[in-house]
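Got a structure for you, written out below as structure tokens; questions coming shortly.
Chains: A, B, C and D, in written order; residue numbering restarts at 1 for each.
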Amino acid sequence: MQFASDNAGPAHPAVLEAMTAANDGYASPYGADEVTARVTARLREIFEAPEAAVHLVATGTAANALALATLAQPWQAIFCTPVAHVQEDECNAPEFYSGGAKLALVGESDRMQADDLRAAIAAEESRGVHGPQRGPVSITQATERGGVYSVDEIAALAGVAHDYGLKLHLDGARFANALVALNARPAEMTWKAGVDAVSFGASKNGCPGVEAVILFDPSAAWEFELRRKRGGHLFSKHRYLAAQMEGYLADGLWLESARRANAACARLADGLRDLPGVEFLQEPRANMLFARMPRAMHRRLHEAGARYYVWEGTLEGDDPDEPLTARLVCDWALPEAEIDRFTEVARG
Amino acid sequence: MQFASDNAGPAHPAVLEAMTAANDGYASPYGADEVTARVTARLREIFEAPEAAVHLVATGTAANALALATLAQPWQAIFCTPVAHVQEDECNAPEFYSGGAKLALVGESDRMQADDLRAAIAAEESRGVHGPQRGPVSITQATERGGVYSVDEIAALAGVAHDYGLKLHLDGARFANALVALNARPAEMTWKAGVDAVSFGASKNGCPGVEAVILFDPSAAWEFELRRKRGGHLFSKHRYLAAQMEGYLADGLWLESARRANAACARLADGLRDLPGVEFLQEPRANMLFARMPRAMHRRLHEAGARYYVWEGTLEGDDPDEPLTARLVCDWALPEAEIDRFTEVARG
Amino acid sequence: MQFASDNAGPAHPAVLEAMTAANDGYASPYGADEVTARVTARLREIFEAPEAAVHLVATGTAANALALATLAQPWQAIFCTPVAHVQEDECNAPEFYSGGAKLALVGESDRMQADDLRAAIAAEESRGVHGPQRGPVSITQATERGGVYSVDEIAALAGVAHDYGLKLHLDGARFANALVALNARPAEMTWKAGVDAVSFGASKNGCPGVEAVILFDPSAAWEFELRRKRGGHLFSKHRYLAAQMEGYLADGLWLESARRANAACARLADGLRDLPGVEFLQEPRANMLFARMPRAMHRRLHEAGARYYVWEGTLEGDDPDEPLTARLVCDWALPEAEIDRFTEVARG
Amino acid sequence: MQFASDNAGPAHPAVLEAMTAANDGYASPYGADEVTARVTARLREIFEAPEAAVHLVATGTAANALALATLAQPWQAIFCTPVAHVQEDECNAPEFYSGGAKLALVGESDRMQADDLRAAIAAEESRGVHGPQRGPVSITQATERGGVYSVDEIAALAGVAHDYGLKLHLDGARFANALVALNARPAEMTWKAGVDAVSFGASKNGCPGVEAVILFDPSAAWEFELRRKRGGHLFSKHRYLAAQMEGYLADGLWLESARRANAACARLADGLRDLPGVEFLQEPRANMLFARMPRAMHRRLHEAGARYYVWEGTLEGDDPDEPLTARLVCDWALPEAEIDRFTEVARG
């Protein structure tokens, strides 16, 4: 009963097979190989963006930090939510890669509101050379708490950013999960809505470790390549990075895997929704459910072997009814039987 | 006829099989998995260093830059040769990761001499707070020009460094190739000779992309982990990184592959040695040969499809006898027939 | 009627005279001169800290950023209030000097509460290598909104910091103003209360441009010197920097100037307190008053030539009664007649 | 007998008087004052560059590091000589401010040759994303060894830099000394010869601590201001920084002081030139003389109280005839009698 993270699940066998298929003789290193050329073309096609700059890296933190460093100056503020991965879970990687930019926190939840963004940007206005200067905006789709921005919401945030001449970055660690939730096309959810740069995640949804950074304005492509290289993120045997992505994108595997993960989460939510003492922080749209559940329920689940994070409070404590928040993440490989067992144990 | 780089060759099938074998169900992310535990133990065993800190990253530049940043302060000089990979081929990654340390160049060749090192360190002595402070020493084994330091040479360099309280880093992008050339044990070539930190390369010798950083004094292990994380080099699905290294180390594959690459290079050297107009920059010890060859010979080779870098001069030019330097790299997979064809074409 | 900033006022003539007095023949550069030796000894005496490391720089931003960079690691969070000068008014200098540390904001006002600090530190606890690590705490005395921490309040904050093994930095841009408000000794307000490092401001209180950084634990003194040098903040003709500080400290000038500035502010507060529509954000303790005043009152003052910042809202607007916040800063040189004229105009 | 450094000499009384004259009432902080406006206009006039961006800082290291950081990207190489102040005497400040650029050393002396520069730039050509990218060139005028580039030599270096699209920075810590040596106009020695940015030194030639950075293309002016602020180099009471420069430039004081320093050095050279065992490294043009002198002569001088640096070798040693190199720096205040006494003692 593995609900701890979509990082804990296996890679899809087809992705590993694509790596093996790429392991054929010699290939030019550093991205000059044919697999990389194909996967670049494929991503441009998927995003309907034939001019976009496409670069691969191995981790989501690298993708985000390199993208933001390319969009931001060291003396700027990067606007994000207080629970953004770039703020909470990257050990100051954005500050490191940007040369010391500041993260300015917008609102109080995982979902940035256009009004809050406008207020936060406006608040940096009056200090001239003294204050941090306004820099790019970064949002996460799906959000760190399982929410999904609608295309209109993204467009509204992009509108605010662009009103001030700022760029919009989308951290798509769970890009596919959000996309299938919206039943949208990649272009609709990104550049058509005003997104300037995307971290297109693949690791959480079935790859050993690969992400693409997509810059819809390719004018910074060479700068990005230099930043990637000096960050140590340019793979010499680049074809194996590219092969993962090729396998992931082939035959709609990426969308199918996301649909499976989202369906698993919906099944989990349906199983838990009406249990006494259970309350969802928000209705799950993608593959993560945040649910308040009584301590006694948590204890039963842990004793039965369920693996997930308890985010507020601890299992120890006297009151069996006290609600504690569970973060429950479903990945593409999660068997339905495991979900059903979880809900059965929860039911008690 | 692929002699351009050991980055161009394939991964060893056994390494990819190890990745597939690791793809079994769920595993704790970020290095808390069992494959990582096994490979850490195995590297400690191989290095006879049960306390050593062992960390995996995906690229050699990451390994070097993170290791040097951990050893150096931003206001220090890092001593290396003028052709060191960290100086010439990492787009200022050591400067970036160290927060602005300076690379101080020692000598004029790929092989650092103890006397030159002593003089270079001494030269930074008299400027107090004004000059860069003395920092770690970094050498490359095998060197960027195909040489191999003897254990005694390494010990002499370590002795100089330690005389000044400085640490010695060994860039082992081609660690295995040097090791089998010396017929030494890893401990002999490293910590017993005074090396403090090693970038233990595996990508060039048969892996898709994995390197280990080994710190023999583990007191900086946690700092290294934080640096790796904020550099975006901590893999979430870490087991696939570890599995590569596990496959690489299993059954002596790493040593066997290095022996094959070195033997290929020796065969190549034997085939070229006595040809008229051919001169070696140094006798190859590992898997790289730098050879001066007449322009006409280069032209024949390129027309026949040989792939390698010409480092000084260009194929265009009037004089067919003018010597141009070839960098010829042999990897583990290079077929003997290709080598023999190369020497045949060279012979004309 | 100059209430815009204590940066706008003149230097005290005695400070300039001290510079002239130091202009006598040759002196060793870079702080090896006799004036520097004297002023170092004098500051140690004033702080009853004979071992403290004392370093001079020319600006408050340099003092803060160098002090914090010495106390923090790049992967840490520095805890401060949302209105801290280091957060709002230094254009990311702390991030730059620290190599990318993050500023974590505590509470919602200019005055950090021990409970809020404890909660903020605790909140960084559970993310292991992923989150920013806990780093130093920085408070401002007097605060950016004119408040003054009591010695007990400082001790409480220090207690929380030290419970977690963290250091406490005190941004004393208006150190003297706070000190005379508390009628405390420098040692009481700093190291005896648990402060580890102080930015001891002098520029705002009568010097052209000099601040001292005082590290009560001198073990980081050499690191600080290297950071200062590579930041370009080590003066070659250091005696002129030291002479300012010497003049400032001589004959109690620094305390006398602070008393005059505080008294000016108290006189201003007394003149405004009972006017209709006037409300103080907090009772001023040092030399800054934040007061809500009706728009019509602001207009009268500006038409009469008063200079100060309006922090919320603008003078334009229809409603003459709408309250707008004034930041009114009194420096040592402010004539009483100007204060009285201000209150007269305000009275209308 | 003070020949150690032009940093050891006094400020010119007229400069301190200008500071006192500026100490009149209130003035807008951060460079919005009238003195700054006047001195900016004056420098533009002196340089015949009405559009140039002019910024003041307090130290030469700050001027150089901020100028180079504005001209260079973090992934670039900055070309300078091996004895450049930015390379040897700024504790990695250029690396720090640029975010990790590399200093690439050209030639082997204090004087950069156009051919060497062309070769060094060309050498960075073939590594694509792997090597450091080509960045700005920095030369020092007068050089760190007392030489002076002719206008034609500067133009030749600028020509090489511009051939590659690179900028030329001139470290003018001793700008005035070089200028009067050439009997040139500031515009001739700088932008008319192709210089893009100047660190215009004033501290060594009679000020307590002020330098101007002049960018002839003002398009980076705002970026420079942000860099200066986040470096902690924007003075709040900026008028005192500006007043120094105003006093320095008034009535030709800066040129007169440089002429005096150069004349002192010429007098010193004349007194030493023909002494047995004395040899000049180069004929002094500005205010520094590098002379080989026998050990016994050094000993006499030190015993007589002469202060200067011995750069190679030490006074201890058996051989009284062994030549050791003296660095002898003459500042504007050096009395002729002291020079004559020095040469008398040297004569023995």
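The criterion applied here is as follows: contacts are C-beta pairs under 8 Å (C-beta built on N, C-alpha and C of every residue); 3 or more make two chains touch, one makes a residue touch a chain.
Computed from a predicted model, the values in this text were never measured in an experiment.
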For subunit C, the least number of touch steps when starting out from subunit B: 1
More contacts between chains, C-D or A-D: C-D
Between subunit B and subunit D, centroid-to-centroid distance (C-alpha), Å: 41
Separation of subunit C from subunit D, taking each centre as the mean of its C-alpha atoms, in whole Å: 34
Rounded Å distance between subunit A and subunit D, as computed from the means of their C-alpha atoms: 51
Subunit D, residues touching no fewer than two other chains: 30, 74-75, 90-92, 96, 99-100, 129-130, 133, 226, 229-230, 234
Category of the chain touch graph - line, ring, star, complete, other: complete
Contact set on subunit C toward subunit A in their complex: 74-76, 88-92, 95-96, 98-103, 105, 127, 129-133
Complex contacts: residues of subunit D adjacent to subunit C: 2, 4-5, 7-11, 13, 16, 19-20, 23-30, 57-66, 90-93, 96-97, 203-204, 207-209, 226, 229-237, 240-241, 307
Contacting residues of subunit D [partner subunit A, same complex]: 30, 73-75, 99-100, 129-130, 133, 223, 225-227, 229-230, 234
